[in-house]
Structures are given as C-alpha cells and as structure tokens.
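For reference, chains read A, B, C, D and E in written order, and residue numbers begin at 1 within each chain.
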Amino acid sequence: MAFFIEVLIGGLLAGIMYSLVALGFVLIYKASGVFNFAQGAMVFFAALTCVSLIEHGWNFWLAVGATLAAMVLLGVITERVVLRPLVNQPPISLFMATIGLTFLLEGMAQLLWGAQPHGLDIGVQDVPLEVQGVLVSQLDLFAAATAAVLVTALGVFFSRTKVGRALRAVADDHQAAQSVGIPLHHIWAMVWAVAGVVALVAGLLWGARTGVQFALTFTALKALPVLILGGFESIVGAIVGGLIIGATEKLAEVYIGPYVGGGIENWFPYVLAMVFLLVRPEGLFGEKRIERV
Amino acid sequence: MNRQRRIGPPILTVEDICLSFGGVKALDRVSFEVREHEILAIIGPNGAGKSSMLNVINGVYHPQEGSVTFMGKKRHRMRPHEAAAQGIARTFQNIALFKGMSVLDNIMTGRNLKMKTSFLEQALYWGRARAEEIEHRRKVEEIIDFLEIEHIRKTPVGRLPYGLQKRVELARALAAEPQLLLLDEPMAGMNVEEKQDMCRFVLDVNDEFGTTIVLIEHDMGVVMDISDRVVVLDYGRKIAEGTPEEVRAHPAVIEAYLGVAH
Amino acid sequence: AEQFIPMLSYRVGPYAPGGSGFFGGYIDYLDMINKRDGGVNGVKLTWEECETEYKNDRGVECYERLKGKGPTGGTVFTPLSTGITYSLIERATTDKIPVISMGYGRTDASDGRIFPYIFPLVTNYWSQNTAKIKFIGMREGGMDKLKGKKIVNLYHGSAYGKETIPVLDLQAKKYGFEVKHIEVPHPGNEQQSQWLEIRRYKPDWVILRGWGVMNPTALKTAQKVGFPADRIVGVWWSGAEEDVIPAGDAAKGFISAAFHPSGRDFPVIQDILKYVYGSGSRGNMTDQSRIGQQYYNRGVIQGILTVEAIRTAQEKFGKGKSLTPEQVRWGIENLNIDEKRIRQLGAFGLLQPLKVSCFDHEGGGAVKFQQWDGERWKVISDWIASDQSIVRPMIEESAAKYAKEKGIKPREGISLGSDCGHYSENLKKIVSGG
Amino acid sequence: MVRSQPFVVTRTAKSPPLLAVNNIEVIYDHVILVLKGVSLEVPEGKIVALLGANGAGKTTTLKAISNLLRAERGEVTRGSIVYKGRRVDALSPAALVKMGVVQVMEGRHVFGHLTVEENLLTGAYTRRASRTEIRRDLELVYSYFPRLKERRNALAGFTSGGEQQMTAVGRALMARPTMILLDEPSMGLAPQIVEEIYEIVKHLNQSEGVSFLLAEQNTNVALRYANYGYILENGRVVMDGEARTLADNEDVKEFYLGVSKRGRLSFRDVKHYRRRKRWLG
Amino acid sequence: MFYREAGQFKTSYAADQQIFPIRQDRVGMALLLAIAYGVVPLIGNDYWFTAIMIPFLILSLAALGLNILTGYAGQLSLGTAGFMAVGAFAAYNFILRIPEMPFLLAFVLAGLTAALVGILFGLPSLRIKGFYLAVATLAAQFFIEWALIKFGWFTNYSPSGVIDAQTMTLFGFALDTPLEKYLLTLTIVSVLALAAKNLMRCETGRAFMAIRDMDVAAEVIGIPMLKTKLLAFAISSFYCGVAGALYAYAYLGTVEPQAFDLNRSFQVLFMIIIGGMGSILGSFLGAAFITLLPILLNVVAHAVFGGAVRTAILSNLELVIFGGLIIFFLAVEPHGLARLWHIAKEKLRLWPFPY
C-alpha cells in the first residue's frame, strides 16, 4: 500500500511538471487556436540563457530578471516577424511557422551559449522528505507550489479581465476580432511574452531536475497527452490533466508494465488520452467543437 | 399548366417532432406533411426552429421524440448519408460548400452517391472509372448550364461572391437528382434580380424534374409567389399551415412574424 | 602528399556535447601531428567536417559527399553514431573504405572475417559488460560472492539500450546473481516509477545503460529515492562529464566504465596544448576547459588510432605516400600498439594495448573504472580484461547469422593481406543455413 | 445593364465628408483585380447605401475601408481613404475602431465559443468605459433585440442564423461608433426584424448622429432609409445619387426593386424569356 | 507568353478531364520524366543517386501519403513514421519468412500491412478532430516504435534491433547499384504518384476533400464519414508503408525502429505544410525543401566559410537560417510552395499585363 501511495504521489508530482510545460501551450492555443510547436524550444532557450548568465557570474535573480526580459522581447519579436504576416491564415500555417521558430530558437540558443549541458541549483535541497515511510521530493513539492501560484495568477488574469475574453475571441475568428477593434498584434505579443515567462519557469524547474541541456526541448512531448486530456484551451485542464497523466502513467508502468516488458510510459498516456477523447472529444475542460449547419 | 393537378400524395410526414438543446426547445411537437411535387415554405421568426426542422428531416439532428416518414419508410434516427441515399438533398443557411475545391468539383461531389467504381479502378483511371467520370461530368455540365454558372466552373468556391456560392450549393444539391430538396434560405443576400433568377431555378427544378421542395425563406414576396403551401413556426411550435393567402391572413402569423406592415 | 580524413561530425542538437568534444579531440590530434611532426612521414593530414545532426540519413549524405574527396578519397570514417555506422556497413564494404566505430556500432563486427571493413576498435558493448560484472565481483570480494546478489539493468528504451540484455542474462546464470531489466523510455527525463521500483527491489547494484538526459536524471532520481550513487555503475555513454555535471551533487560517487580515463596529464595532451593551442594559435575547442575530458580524450584516442593505422600501412605500402582507403584498412587490421609504443605516443594510461587482426577487429577489450568526485573523474581500477569466453562465441554466432542473411562468404586463410585463420565447422553450419 | 455614367462627385453638403474613398483599386492574391477605381463619400450624419449585384465589390469596398483586406491577402494598390480628414489606409483595424469606425461583417462572424453576451462585450473592447456604462449599453442592445436577451448565455455558435446576425450588429453597437460599416445587415432576418434593424439605424443616425455606410441587397429597404446611394457594378461605381432619385430610376426599379412599368412582378412568372433551354436538348 | 492556354479549346469532357489539361503542363511533365529517366542516370553519380535523389523520392512518397490523409482528407496525423516503420519491418519479415518471396510483392504486402494498422489507428478519427487527432495519432507513433523495439520477432532477434535489408532481385537480377536503386525508386514513386493524382481527381479524392472542408455537409450529400476517413487512413498508410520499405531497401539498407521516430513524422508533416496541403506537386516540393535545403545550406556554408568560421557556429547558423526560411516562405505564401508555383503560373498567364 505504501508503495502504491509512493508511486501515486510521485506520479502526481511528476504530472505537475508536465502541467508546467502544458501551460505554455494552453496560453498560445487559447489566443490563436494554434499549437505552438516551439514551446519546448522556448523552455530550452529560457533555461539555457538563464543558467549561462549565472555561470558568467551574474547573481541568480539578476539572471532570472534578464532572461525574463529576453523572453518578453522574444514574444514581441515573434509576433512582429512570425505571426503578423499570418493573420487569418489557416491554423496549420501558423503551426508550421512555429516549427520554423523552433529551428531558429534551437540554433540561436546553441549559437549564443554553446551545446554543453549545465547543472542548475535553484536553492532547493533535493533530499527526500520521509512522511510515514513514503518519500516525497522537496524539489517536486516546490515545483507544485510554483505551478499552483502560476495557475492561479494566470487563471485570474484571463477570467477576470477583458483580455481573457478577447483572447478567446481571437482564437475563434481573427478577422472578426479585428473588426471589433481587438488589437490582435498586442494580444498576441502579450500572450507570447507570457508564454515565454511560463517557459522560463518550466525551464528552471525542469533544469533543476535534469540539468539544463538540449533535452529540455523534449519536455514538450510530455505535455502533449496532458493537453489533450485537459483540453487545449483550459488552464485548469492543464493542471488536472497533468495530475491524471502523471499518476496513471506511473501506476501503469509499475503495475501493467511488467506484463508487457515495461517501458510503456511513452505510449500509455497517449492511449489513455485517446480513449478518453472517444468519450469527450474536446478533453476534460476544452471548448466544445461547434458543428452547425 | 395547372400546378395543383400535379401535386400528389404525401411523400414526407413528420410527426410530433420534439427537439431540445439543453434548456432550449428548438422544436415542440411539430407535425406536417409534404406532398409530392409541391413547394412547401417554412417561415417563422429567427430562432423559431426552421433550420432545425430541416436538420431533423435529413438526419443531422436526432429528435428526442417523434418520427419522420419518407417515401413510406418510417424512422426515428438515421445518419445524414442514409438520408441522402434515400433521395434527400439540401442547401444550408450558412453556406456549406467545400472551400478548398473548385465549383466543378463541388458539384461533382453531389454525384458521389451515383458513382459505382472502386477506388482501385479510379487510381488507374482507366476503362470504367474514366467512362464514369466523364459520364457524370456530362450530367454536371447540364446542371451548370441550367444554373448559368459556366463561367466560374473552375474557380475555387472560396473566391466567389456570396450569391454565386448559393447557386453553386443549389447545383450541388441538384446533382444528386433528389426526390426531396431542402433549401435553407436560398435567396438570402441577393438582390431582386438575383432572387428572380433563383426563383426561376427553383420553379424549373420543381416543374421539370418533379422534385419536391421544402424551402425556408424570409422574403415574403418570394414565399407568397412560389410556394404551394406554407408552414409557420414560432418558438418551436407550428402556429399555422395553409396556402400562402391563408397564412398571410392568419392573425397569429401577423403577430409573430410579419408585423403590421404587411 | 596529403591524406584526407573525412569527419562525420555533429555539433547541434541533443548529442552535440559528445560530437563537439570527440571531434575536437580528434581534429586537435591530427593538427598536432601536422604541426609537431609535419604529418605522417611527411604526409600532411587534411580533413573536412560534415554535419550529420546524429541522423542516419544526413550521415549517409555526408559519407557520399566526402568519400571521394582528397587525392585518394576519404581514408577512414568515424561517425560516432551506431545508427550511421550500421548504414555505412554495406556502403563502405562496397566502396572499400574502412569504418572505425570505437566503443559503439555493430558489436559482432568484431569478427573481421565477415566484416572486413568495419572496426569496432578497443572494446565493444558486450566486452564492456563482462568487465563490469568482473568489477562488481571485485567490489563484492570475489566472483563467487556474486551469488544471490541482485543487479538492476536500467536501460535506455532503444535498440542500443537493449543490446546487453542477453549477455547479462548469460552472466547471471553463470555467476548465480539475479538480474532485473528495467526500461526507461526515451528520452528518459522522467524516471520516477523506475526508481521507485528499484527502491522496492532493493538491488545491490544498478547498471546504468543510459544516454543523454537519461543519465543525470537517473542520478537525480536515485538521490530522490535514497539510492547511493556509488552503487550505480554506468557505461561509457553514461560516464562523461556532460552526464554528471547536470546532476550536481547527486552524481558524487557515481562509478562508470571507460575505455580510457579523463585528464590532461598525458604527454600527448600536453603536446596538443603546446603545439595546437600554444603561442596564441587556435585549436578546435572553443571551450578549452573541456580539453582532457572524456569525449575529448576519446577523440584523441581516435586520432592516435587513425594515425597509427596510416603509419602501419605506410610501412607496407610506401612511406610518404598518400594511401588509398583500402591500404589504410590493411593498416588498421594490422595495428599492433604495445605498451612500448603507447609510451612513445605519450598515451600511457590513456590507451590500452591493442592488437587487431582479421579474426579480431576489437583488438583490446579491457575497461577501466572511474568515479566522479564532484569535480572530476578519478580512475579507480586498472585495465580490467573482458571475459572473451562469453563474448566471443556470441559475436561469432551473430556475425555468422549476418553472413548467412547477406550471403557473405567469410574470409579464410590469407585474405586482403591478413591471415584470417580457419572458420570453425560450427559457424560454417550457421552460415550455410544448417 | 445600367447605363454607364462618368463618375461625378455630387457634393451633398458644403462641409468635407466624414469618409471619402478616392479612386481605390483592390487586388486579391496579387492577381485578381476586383475594385477598379471606386470613389465614394459618406457625409457626416448621413446614411449611405452601397448597392450592387453579387460580386460587384461591396464587401471588398467595406473591407478596404476598415483595413480588413490584408487578412484576406488583398491590398489597396491605388487611391486613398480619408476619414475625418486623415488618411487611414495604413492604420490597423483596431486603431480605426478606436477612431470610431466599426464594421459589421458579412456572414455574421460571431465568436462561436463565446456566449452571446460575451460576444456583445467584446464589442466594447476598445472603450475605456466603466462597468456600469457598459452594462447600460448592453441593456440597450437587449432592448433592441429582446431575442438576444433570452439567448444571452447560449454559445453564439449554437444560435440560429438570425440570432447570430443580431449578435453581430449588437456587438458593433457596443463600440459606440461614430460610423458603422454595415455589410448586409438584413440578410437572414425575419421581415419584422429587418424593419427593426433599420429603425435602429435610423434612430442611431438621428438621435446620436452616427453615420452609416451600408452594403445591402435588400434595395427596397435600403433606399427607404438611406440618404444617398451608390450602385456598384464589376468593381466600378456606375451610378450614384440621392436615395429618392435612385428609387425612381427606371433601371433601378426594374433590376433592384423588381418593379416594372406594369407594376410589381411576381417571382413566379418573371423573365422566363431569359431562360435558355439548351440543357434540355 | 509561354504559359498561355489561349487557343487550346477542349472539345470533349474527356479532354477536359485529362490529368494535365493544359498543353504546357503536359510537355513539362514529359520533359521532367525524360530528365529523371534519361538525363539524371547519365550525368548523376553515386552521391547524387544515394544521397540526394533516392531519399528525396522516398520522402516525397511518404509526404504524398500523408498529404492524402492530411492535405486531402483533412485528418491531421503524426503517426507517419510509425506507418513507415510498419512498412519497412513488414517487408523485411515477408521476405525473411516466406521463401521465394519477390520483393515487389513484399512491398505491396508491406503497404497493405501498414494500411491495416493505419485503419486501426484511424478509428478514433471518427470522433476526434484537428490537433486533438494529431496528438492521438501520436499513440500510434509511440506504440509502434515501442513494439518494434520490444518484441524481438520483428527484428529477427537482432540484438541491436537493426535489420539488414535483403538484396532486391528482379528476375534473378540483383538491384544493388545506386543507379538501379534510383531507377527502382523513381519508378515506384512515379507510378504511385500517378495513382494518387488519379485518385484525387476522381470521386475518392472529392469525397476526401469534402470531408476535410466540411464533414457535416459531406455527410448530408451522402458521403459516409467513417468509411471515407478509414479509406483515407488506409491509402495514406499504404503509401507510407511502401515509402518505409523503400527507405529500408533502396536507401539505407539497414534500419532500426528509431529511424522512424517522432522526428521523422514531424519531418514529413513539415514537408506537406511547406509544400502545400492537398497538392501532389506540393508533396514533392516540400520534400525537396525539407530534405535538400539543409544539405544545400551545409554545402554552401562550407564552400563560403569553410575553415574561417568554426563548424559549430556554422551548423547552428544553418539551423537558424533554415528556420528563418520556413517562416519567410510561409509569410510569402501561407498555403505552401505549390500555391506559390500556381500563382506564378497565373502571373505568367497574364504576362506582360500585371492582372
């Protein structure tokens, strides 16, 4: 039983880590109906920039601040150069543009800072806490707390302000949004900037777990099943989806894995999400598809 | 020609249709019948449930209660393509053309049901498949000619102005050679001249192919002039039914729909 | 005269740290030879890099692009990627160009009678694995102490990761220990469930057959579940500085196999620093602090082997001449680097003695073990020889199977200028499909 | 069909017009020339109707004004657009809305995943008004369209065609514009509502001084409510004049109003002479 | 001037229904084939065959397969590489396990196997759409990759998981030189491209496009959704499967399951987006862009800066430029290169007048 609980808790906490990355996707999907392929690259770019600045002797907070500024700038430039020419174009074209952005960011990051992996110490001791025989990671707890703060802040921001509404309007219909005076460009720039900030947070936390290296771009893969399960447009969905995926994938690996030879963690969440979608095609909290004639 | 004589027995009967979405009752115990060869108009205020009615008839919506009988076959629920296979075609209120295809291809899709060759034969484009394509192309050209859209044959439909898109949609529906044609506001967004053209097409289809037509329209001039009978819906209920003249004089219709101006 | 050496390198993407370190060392060594000795017997070494991004298809493209360059074509290919190596096996054989895959690539190519052009020099995965069990046995106080011990094989969920499962199973049977194979799905940046399972299983040792981000993550997660790092033994793709630095403190005490140590105290590295980086000139490494690290030193070894092969070939085919790849192949197959030569090369302790033959394309097979102290790798064992009594039959059988599939007639007697001995009846049966 | 006239600017008022479109040319996709020199004016406080057959270029003209063309891969290649004495060709659509010009797009374009009420609220995006003020305007819109109030919490994507049209018009009103570009406002609306919408137009025009440029197929209603009209054909203005004058023009009567010298023609037996029977043969 | 259809009147529907109704296109196509079959073999060398033409053609075929599914039928899929893997490993096992199996037949069977798997994973498409479907098809991608690594049977228990393609023999004649492999690939790809073109301009293609553009309307006019979508998955996977088999047999000669990892799926998806969704030509243009451009950049970079700039910097710069070019081309034409080509043709048609 204790083992079960341990796996469960470990899974839930890992799930939160997935959610952190998923959040970035959600933001951009909400605002443009587009899946941002570059999210993983942004996580990598942000973390690498930050850690490189630290290694160049910057104070931790100073480095974080500078990276934050860089990510905001990146968001603004992305809007200007990548998104603006693609207003009102099919989502798949926008999607492709984010792929171009991915190559660009990956190249830029390594051009600026090199390809070496780095360790990152964010000041949280990662010795496990033992609660009644169950080990709980401090770093993961810290990450969970950060995620909670982030989600609350973003949730409030997007549901309480008119910007949140405008965001959804833009995702529905670029042209109509423009016609009522929603400044598409500002909205997009803002959302991309926020997504950049989220990427930085995710990058730092993941970086503390696995080191800062190119593989941070792969964190995006872990976020995908979370997204489909939670729904592409929902911030809450990203968190709930993360928890569910994290917990079930770990439990499945431990309890089902041995029967089929193990290593099922990569596809199991997808199959799970897929089965779930058959029941609810828009995910847990996603927006319903509107099909009317 | 006396049109009344041509009108035959009921070909479509809807009985006690109830349809609701969450709290909204889109249709509430609606019954009526459509007779062979006639042009039946459905009118009513916005949100009355007219489009929903058409959706029920061709299987896009499944009513919670009630039944639809078409050509003697009674049914409760079916998939739209089954309805199409039985000979029901339609056009849509918010144009539902295939945006990525040319006018010609759009209309050709209408003949989908009539195509018999397998995809393997089509991949070779030899013999039967080729002959079939050409044969159907001929049919489609007749329709194109009929609706006078020859000049835009190869244009992608997305580029067409609204009115022409409506016409292409009609062409696509006609290509299926349906028994029953459902038209959802075919003349919206047209000027008088274009409406006249459209009316002419509708009447011709009715006359020459004997197609039964159910049509939703807000232009009372059109409704009065071309329909044989009219059904009036309001808030999901049928409030009147009869010849155009009867309906126009009906107090409930004036109250709910026409307003005093008419 | 010049000798052209193609470089299928990769300097972007997830594998860039390995690529830049290895090719940095390789190129610096060649550069040093040019600068210090004026080339090999006066033959200048030249090279060109081609970016493969660690992808097989790009690798093939680069191979095709570079194989015809230089006066005599690409001398020897070293793709530093198992996948690319596999893709080159047939091509290189047809083109008569040797491929050296040192510590990676196709293990059974150690049987040179069937793979005349492929050289998994120094040591291969299976050899390494037997040495590792020997090492664990030593730590436990003798091979007989292995009985009843529990070992977890934590492997990367890929073909590479799976490759040592059969050897381990064989050894488990032989020595009476228990082995549990646990897979980590690619890329391995999340290992919570695997390590919880390890914790439950309570093994005595964990063999870490990792790759890239899987390595630091494993060490971090081990720390999280309280498994001691000095009971984890990595393979050499888990044992570079790049694999432990990201794990921070969690890596302290971690042990890994290596076929060469880190460090820059070897004369040969000093020579590189002097001739290549000295007097303000620029070497291949942007970050000079990486000189002497695992990947760099591996590159230097590659350089030594390449140059020695050319030298050996020149002895036979004429000093001071540009050699064809075919001739260099002969040089590789007849490499004999003994301790004396190693000392001359300034690589004592860095490189193990090596004798390549038609029969044995591996040539060495010994492994050293090193431990991370938080700052650098410290060598904690001497060369530990592999257990060829286990490895060799497996290799021969696997190679024979390949020969059968491909319809290759194994080399026998004197072939391509080397003595290949005789092919055993047993293997003949496999090749002919018995 | 309509006799071609050279373009003459007929000044209806001495003051400069609120909006002037000068000889613009529009090309889609770099190759499709759609407007071939269109000029028109909307004087302050007037309702101007833009009439013309399908594909004449009405929508294109409106989009050119509101700067929505770029999103359609179209561009204005010649001419200028002046609003309140200032060139606005290069402004962003949002900036134009801030200046008081709002477009109601053809084909509804409601935000399907927002509720009807949220749709209306997005209309007020550019305004810096207090919550109560916006609440008040919302109620005003609801008073114009009671049906919307009933459906306020429905997702707009699920509402009926007419309800969507009302939502689109209501959404534009929420911006409190000084000038509204209405593209086929009557499309798909019940006759009663059409009248109501035009009454609202008239009301806004008279009591609040809002100017209108409306593209409309329902010539009958449009000319009844408009002050001035332009008739567009094939990307050119072929006729313009006071609404009343236009309504009396014989051609306009026949082709746009459906009345000939013999009175209103029935849709049943009009123009059968034009029919070509080729397809039967 | 040169691209005018004026004066080319069609007197029958048959003529108008030809693949290339315009004469210039017909001539162009014939020329292209003549070059591919006649000129390239004459002037090409091993490098051109094995490193450029063969992979380009094979990936074009995969792109074509995906384009059928995604571009024409509108079902976004990220399982392409998975289906390619099925094709490659199926072909391997058919040839390995069935004596005297002709390799062409094995390729067909491999395609069919992939088609079956495709149908299986296409089932959810009935309910799941858009990006959701894309992510759901990842299940196929990961599952197939996992299964091929996990179960030794597929790789004939090769310890490294790599399979070695057997030699292809046709009428007792071994196809093992680069030129022969090139011609084989070219022929298979041409035939399948022609079949795809035919299919897409017939009823099947129209049904696909109808489902893509508006599936409700498509159903209403009588196109059965499930059947059509599954057919799209089947045909598409068939193409991908054959491409996978070619990848193993005509190109690399050895493959491991990782050769068909998610990156490959993405790569093929990039091809059709950049090339043009719903366009046969686009599949080829996209494949050229995605596979050949990086090589070109690499070659050019080495030619221009070789030696002067560190290779690490060059490699990263290539990546940056490649990304930048993708963005640039999309900004110029969001609908892909095929559309750009189309517009160019329209302009040519009007030339010398601007419109």
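Convention: a residue touches a chain if its C-beta (ideal position, glycine included) is under 8 Å from a C-beta of that chain, and two chains touch if they have at least 3 such contacts.
None of the values given here were measured: they were computed from a predicted structure.
If you walk touching chains, what's the least steps from chain B to chain E?
Each step joins two touching chains, and the minimum needed here is 1.
Could you pull out the chain whose C-alpha mean position is farthest off from that of chain E?
Centroid comparison gives D as the farthest chain from chain E.
Compute per-chain Cα centres, compare each with the mean of all protein Cα atoms, and return the closest chain.
Taking the mean of all protein C-alpha atoms as reference, the closest chain is E.
Rounded to a whole Å, what is the gap between the Cα centroids of chain B and chain D?
28
Determine the centre-to-centre distance between chain A and chain E, using the mean Cα coordinates as centres, and give it in whole Å.
It comes to 31 Å between the two C-alpha centres.
Rounded to the nearest whole Å, what is the centre-to-centre distance of chain C and chain E, using the mean of the C-alpha atoms as each centre?
About 36 Å, centre to centre.
Taking the mean of the C-alpha atoms as each chain's centre, how many Å separate chain C from chain D?
Taking the average C-alpha coordinate of chain C and of chain D, the gap between them is 74 Å.
On chain A, where are the residues touching two or more other chains?
106-107, 110, 114-115, 261, 263-264, 266, 292-293
Residues of chain D that touch two or more other chains: which are they?
Within chain D, residues 32, 158 contact more than one other chain.
Counting only residues that touch at least 2 other chains, which ones in chain C make the list?
Each of 11-12, 16, 20, 157, 185-186, 286 in chain C touches at least two other chains.
Under the touch definition given earlier, write down the residues of chain C that touch chain E in their complex.
It is residues 9-12, 16, 20, 48-51, 53, 56-58, 60-61, 63-65, 68, 82-83, 86-87, 89-91, 106-108, 157-160, 162-163, 166, 185-186, 284, 286, 398, 402, 405-407 of chain C that touch chain E.
Quick one: which bits of chain D touch chain E in the complex? Just the residue numbers, please.
27, 29-33
Which of the residues in chain D end up touching chain A in this complex?
66, 68, 70-72, 92-98, 102-105, 109-114, 118-119, 121-123, 125-126, 155, 157-158, 171-172, 175
Of all residues in chain E, which touch chain D in the complex?
These residues of chain E touch chain D: 343, 346-347, 350, 355.
Under the definition above, what is the set of chain C residues touching chain A in their complex?
Against chain A, chain C makes touches at 11-14, 16-17, 20, 157, 181-187, 189-190, 192-194, 196-197, 199-200, 212-213, 216-217, 220, 223-226, 242, 245-248, 250, 286-287, 290.
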